[in-house]
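Got a structure for you, written out below as C-alpha cells; questions coming shortly.
Should a chain be cited, it is by its letter among A, B, C and D, assigned in written order, with residues numbered from 1 in that chain.
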Amino acid sequence: MYYAELLLVGLIWGCTYAMMALGLTLVYGLLRILHVAQATVFTLGAYIGLLAANYSGSLAVAFIAGAIAAGALGPLIYRFVYQPILDRPPFVALVASIGVLIAMEDGFRLLFGPYGLSFEHNTWFTTTYSFAGMTMNLVQIWMVVTAVVLLSAFAIFATRTRAGVAWRATVSDPPMAESFGISVSGVRYVNFLIASVLAGIAGVLVGLLNNLVEPGMGSVIAYKGLAIIVLGGLGSVPGTLVASLALGVVESYGTVFLDKVLDRDAIAFLFLIVVLMIRPQGLLGRR
Amino acid sequence: MDYYVSVATFAALNVILALGLNLISGFCGQVSLGHAAFYGLGAYAAALCSVAGVPFPLAILVGVLVAGIFGIVVGFAALRVREDFLAIVTMGVGFLFLGAVRKQPWLGAEMGIAKIPSPLDKWGYAALAIGAAVALVVLSLHVRRSWMGRAFGAVAQDEDAARTIGIDVAGYKITAFFLGTAAAGLAGGIYAHMTQLIIPDTFNFIQSITILAMVVIGGIGSTIGVVAGAILLTLMPELFRFINDYKLLVYGALLLLVMRFSPGGLAGLLQRLGLRLA
Amino acid sequence: MTLLEGRNLSIAFGGVHAVENVSLAVAKGELLGLIGPNGAGKTTLLRLLTGILPPDTGHVFFEGRDITRMPIHRRAQLGFALTHQIVRPFREMTLAENVMMAAAGEVTVRPWKALVAVNARRERERALGLLERLGIADGADKLARNVPLGYLKRMQAARALALNPRLLMLDEPLAGLNAAEATRLADLIVDLNAGGITIVLVEHNLGEVTRIARRLLVLHNGALLGEGEPRAVMARADVRDAYLGADVHA
Amino acid sequence: MQIKSGSRLLVAAALGAALVAPASAQTIKIGFHAPLTGFAAADGKSALNGAELAVEEINAAGGINGRKIELVVVDDQAKADQAVPIANKYIGEGLKIVVSGSYSGPTRAAAGVFQKAQIPYISSYAIHPDITRAGNYVFRTSFMGEVQGRAAAKFIGDIMKKKNVTLITLNNDFGQSLSAGFKEAAPKFGVKVISEYTYAMGDRQFGSIVASVKRDNPDMLYVSGYFFNGGPLVAQLRAGGIKTPILGTEGFDTHNFIKIAGPAAEGVMITTSLDRDSKSPAMRKFIDDYEKKFNTPADMVAASTNTAINVAAAAIAKAGSDDPAKIRDAIAGTKDFQVSTGKISFNDLGEIYKAAQVQVIKDGKFHHQATIDDPQLLAPPMK
C-alpha cells in the first residue's frame, strides 16, 4: 500500500514535470535552443492567473488569463531574443536565455513583492477525495487530467491536422519544408505559442498546487526541465513524457529511501547521469 | 584600502575560475554548467586537510588534485555524451556534488566546515590569489600558442576529423578537464582558508552560471577577454550597490544584451571596433 | 606481403546487413579500387576498416596485428590515413593550419608534449609543400569556412598525406570536382602510390578508377561480388547487372 | 507598495553614498546588510523593514544623545563571497558598528573580518553556531537553532505529553540545527523520534513525505522550514488526511504562512520569540507599529533585526562614545533589555538567553499557547 502510494505520488509529480517540460522539448526540437527562459513564461502565467482568480473569483478565468499572458510572452522572447542570434553557437542563446530568466525573476520580485502571493479562494486546494486509503486534492486530479488531455490533444494536432503535419515537417527538415511552401518562420511562432500556452497553464496549476506563486517558482523548470528533455532524448515528445514520469517516480521513492545520502535534486540528476552513461542518446532518443 | 584588497582578491579568484572554465569550454569546446562543483571540491578538500593539521601549501595542493581528479572523471563522461547532453550532465554533476555534501555529516552537511586555520593575512591572500591568477593567465596564453592549444581547437571544431588525423581526442578532452578543474580547485582552496568557513550553498548552480557568464561576457576562448569578463562581473555588485534593488535586473539584462548585440563578448566587441578603426 | 586485412567483417543496422561476411586483403604498395552501386556498403566497409564503426563480427589486421578495437587516432599514428566522403575541415582554421595539425603528429601525440611545444615552422613548411603539390597553395591562409569545395577536397587529401601514411583510404576523393580537377587528383593518387603509399580508393567515378587502380573489388548488397584486374572485372556480366540494376550512371 | 519601498531604498542608498566622504558629526551610521535580491529576498525585505522601523522610532524619540542614527544598507544576496568586501567597505568607511540582517553564510564570513578589525557586529537571525565564535566583537540577538530545538522537545514531551514524534526537517543550516537540538533533548522528556524526513529549500511538493508520515502514524510532528515551504507542506499533510498535531518553528512565524496553508494552518503551533498576545510594551509596540507602517503583519525576521538595531542603539547611547571598543563593552553589558523579541542579556560568548514562546494559530491569527522558560535547558553555549 505504502509503495503504491509513493508510486501514485511519483506519477502525479511526473505529470507536473511533463506539463512543464513539454514546451522546452518543442522549442528544442525546432530550434536546438535550451530555452531556460521558458521558466519566466511559466511564472508569468502563474502570476497573471493568480491575479485574475483573486480579482474575478473564478479559476476558469485564471486559466484563460494565464494562458493568454504566457502565450503572448513566449513568441515575444523568440522574436526579440532568439531570432536575431539563431545562427550563433548554441551557448549564445543559452546565456541570453539565462539573462532573460535572471532579469525577469527579479522583475517579478519588484512587481509582485518578494513574499509570493496566494490564491484567496483556492477551492481545488481544499477539496480532497479519498479512495483505497489514498488521498488526493482536486488540484492534483486536475493536474493529471490536464496533462493527459493537453498532451493527447497535442498528439492529435501533430499527427492528424495539416498544421501539425507542417509543424513536424519543419522540425525534421526546415529547408525541405520551406520548399513545400510551409512558412518556417510562421511555424516557429506557432511552436513558441503552443509551448508557452502549455507553460502558462502549467504555471497556474503549480501555483494552485502550492497555493503559492513566487518569483523563483520557475527555477525548477529551468534546471529540472532541461534534465527531463535531455533524459527523454532531446526533442522527442514521447521521450519527454516517459522521462517526466520516470523522474517523478524515481524522486518519489528516492526522497524517502535515499534521504540520508542525497537530496531530491541530486537524486534526479544521479538518475539522469546513470541513464546517459548507459544510453548517451537518452531514453527514447535516436543516435 | 581593505575593501579594495578584498575586492581584488575575489576578482583574482574569479579570474582563476573563469580561465579554468575557458580552458574546458573556450579552448576545448566542452560545455560545462557545473564548474562551481570543482571550486567546491577544492575548497572542501583543502579545508578538511587544514582542519586535520596538514600544512597550508600541502592542503592547497590536495584541493587542486582532488578537483582535478574529479575533473578527469567528468572528462570521461564527456567521451560518452556531447554538446547539449554534456551541458546537462555537467549541470547534474554540480547538483550531485551539492546534494551529497548537504547530507554528509563528516563534511559538516549544511553547517559546512568552520574554523579553518588561516595562516595568511589579507595581503597574503591577495598576493596568493593575484599571483595564481597571473600564473593562470600566462599558462592560458601559452596554451593558446602551443600545439596543445591547436589540438584543443581541432577537438573543439570537429572531433571526428581530429581523430582521423591522429589526435587523441579523449586524451585532450581529459587534459582540458583536468587543467580547468584543477584551477577551480586552487581557487577553492584559497577561498576556504581566506573566509575560514565554507557552506554548500556557495558552490551552487548559480555560481556555475556566474562563472559561465564571466567567460561568455568576456568572449569565450579569449584569455584577455575572459579576464576582463571576470573582473567586470566581480566589480558589478560593487559598482551597482547604489542600485541595490535592481542589481539582478541589470545583471540579467546585461547578459542578454551582450549576447544579443555582441555574441563574441567583450573580446568580440573590441575586435569589431578594432576592425572598424583599421 | 599483406598490409591490411579484413576477415569476415559484418555489420547490421536495425536488422539490415550493410556489410556481410566480407574478407579482403590489401598488399603493400597496392592501389585498390573499391566499387559498387549506391548502397552497396562501400563506405560502411571503409568505416569498418578504419575503425569509425566497430564491426559486429570479424577482425581487421594491420601488418598482421589485430587492430579491430584500436582507437582511430592510434591507427592514424600507425600510418593509417583516411579522408571523409563529406569534407570535414576545421572550419575556423586556415587551410595551412588544417594541414599543419596533421603534420604535427609527433608533437601532439601526447598532450603534455604538445604543451611544451610552440614552434610550428617545420609543420608550416611541410603543410605549404603539400598544398603546393595539390595545387591549392594560393588558399593556404584562407579560413576553411571561406573556400570552395574543390579546395577543401584537396586540402583533405593534403591533410591525410601530412600524416606520412603507409596506407591511405580515400572515400570518394573525386566527387564534386570537375573533370580536369578529377583527372589531376587521380594522377596525383597514382604518383603517391608510385612513391610507396598503399592506397584504397572508394570511388563512383568509374572512368578514373578503372584507369588508375590495379585491382578492383566489387561490392553488392553488402557482400563481395568479385575482384580482379579492372578491365576484366568490369567486363563481368554480374558486375554489369549489379550496376545497371541499381545505378543508371554506370 | 513594493515600488515605493524600492525608491525608498534608492534614496537611502544614495544618502549612504553621499555621506561616504565627509563623515557627518550629527548622524551615527549603522551598517546593515541583508539579502535584498536573490533567493532570500523575502527575508531580506522583512529584515530591512524591521531595521528601518527601529531607526525611525529611535530618531522620532530624539535619537541617541541628540544625534540621529542612519542605516547604511547593502544587499549581500545571501552570498558569503559578497559579504567579505561588504565588511571591508564598512570598515573603510569608518563605520563603528554593523548589524547583519542576513543568513549564516554571509554573516559568518563577515564576522571574521569585523573581529579582526575590532568592530562590533550583531547577527539578527543567522543561526550558525560558529558566528559568535569568531570572537568577542560578535554578538547574536536570536536563538541558536539547537536551543530552539530543545525548547520544542520540552514542549512536546512536558506540555503536550506526546511520545512518538516524526521530524520533517528542512535541509539547511537552520533545519539541521533545530533537528540536532531536538534530538539531543528529546530523551530527557520521554520523547522518541520514530522517523525523520528531510527536504530541500526549493521543494514545494511533499507527497512522498506525506505518505511516509501516514505509515509511521506518529503522535506529533515537528516540522522545520520557512513559510514558503512550510505552508505547502502543512497544507499537504492535512490534505493527506493526517490529523496529527504539528509543531513548527519560527520560520513559519509570518502571516504569509497562514495565507498559504489556509484552513490547514488552524491549530498549527510554532516555537518562536515573538508573542502576539504579549503584555510586554516593547513587544506590543513593535507588533502594532510594524503593521501600521508596512500594512502587513510583523514576522520573526523583522522582529529580530528590529531587536538587533535597538541593542546596537542602546549600546551606543550607553557607551557615550564612537569608540568601537567602548560600544563592544556596552553591548556585552546588555542586561534584561526589553525589546520586541523579549528580555535579553548576553553571555560571555555573545549569545543571549531568553524564554521561548509557543504560539498557536487560531482563526487565522497567532496566539499565545505556552512559554518555555528553562534557563538550564535553553542556556546558549558559553565560551
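Keep this in mind: a residue touches a chain if its C-beta (ideal position, glycine included) is under 8 Å from a C-beta of that chain, and two chains touch if they have at least 3 such contacts.
What you see is a predicted model, and the numbers here were worked out from it, not measured in a lab.
Chains touching both chain A and chain B: D. Once CA atoms are averaged chain by chain and compared with the all-protein CA average, the nearest chain turns out to be B.
One inter-chain figure worth recording: chain A and chain D are separated by 36 Å, centre to centre, where each centre is the mean of the chain's CA atoms. Spacing of chain B relative to chain C, judged by their CA centroids, is 41 angstrom. Once the centre of each chain is set as its mean CA position, chain C and chain D turn out to be 72 Å apart. Chain C has its Cα centroid 47 Å from the Cα centroid of chain A. Shared interface positions of chain D, defined as residues touching 2 or more other chains, are 6, 37, 171, 198, 200.
Residues of chain B in contact with two or more other chains: 102-103, 245-248. Chain contact topology: the protein chains form a pattern that is neither a line, a ring, a star nor a complete graph. The set of touching chain pairs reads A-B, A-D, B-C, B-D, using the touch definition from the header.
The part of chain B that touches chain D in the complex is made up of residues 1-3, 5-7, 10, 102-103, 109-112, 114-115, 118, 191, 194-199, 201-202, 237-238, 241-248.
Interface residues of chain A facing chain D in the complex, by the touch rule stated above, are 2, 5-6, 8-10, 12-13, 16, 106, 109-116, 118, 122, 125-126, 128, 130, 135, 137, 206, 209-212, 214-217, 219-220, 251-253, 255-256, 259, 263-265. For chain A in complex with chain B, the residues that touch the partner chain are 28, 32, 34, 81, 84-85, 88-96, 98-107, 110, 223, 226-227, 230, 234, 259-270, 272-273, 276-277, 280, 282.
The touching residues of chain B, when paired with chain A in their complex, are 25, 31, 77, 80-81, 83-85, 87-89, 91-93, 95-96, 98-100, 102-103, 205, 209, 212-213, 216, 220, 245-257, 259-260, 263.
Within the complex, the chain D residues that touch chain B are 6, 9-10, 13-14, 17, 36-38, 73-75, 77-82, 84-85, 87-89, 91-92, 104-105, 108-109, 112-113, 117, 128-130, 133, 171-173, 175-177, 198, 200.
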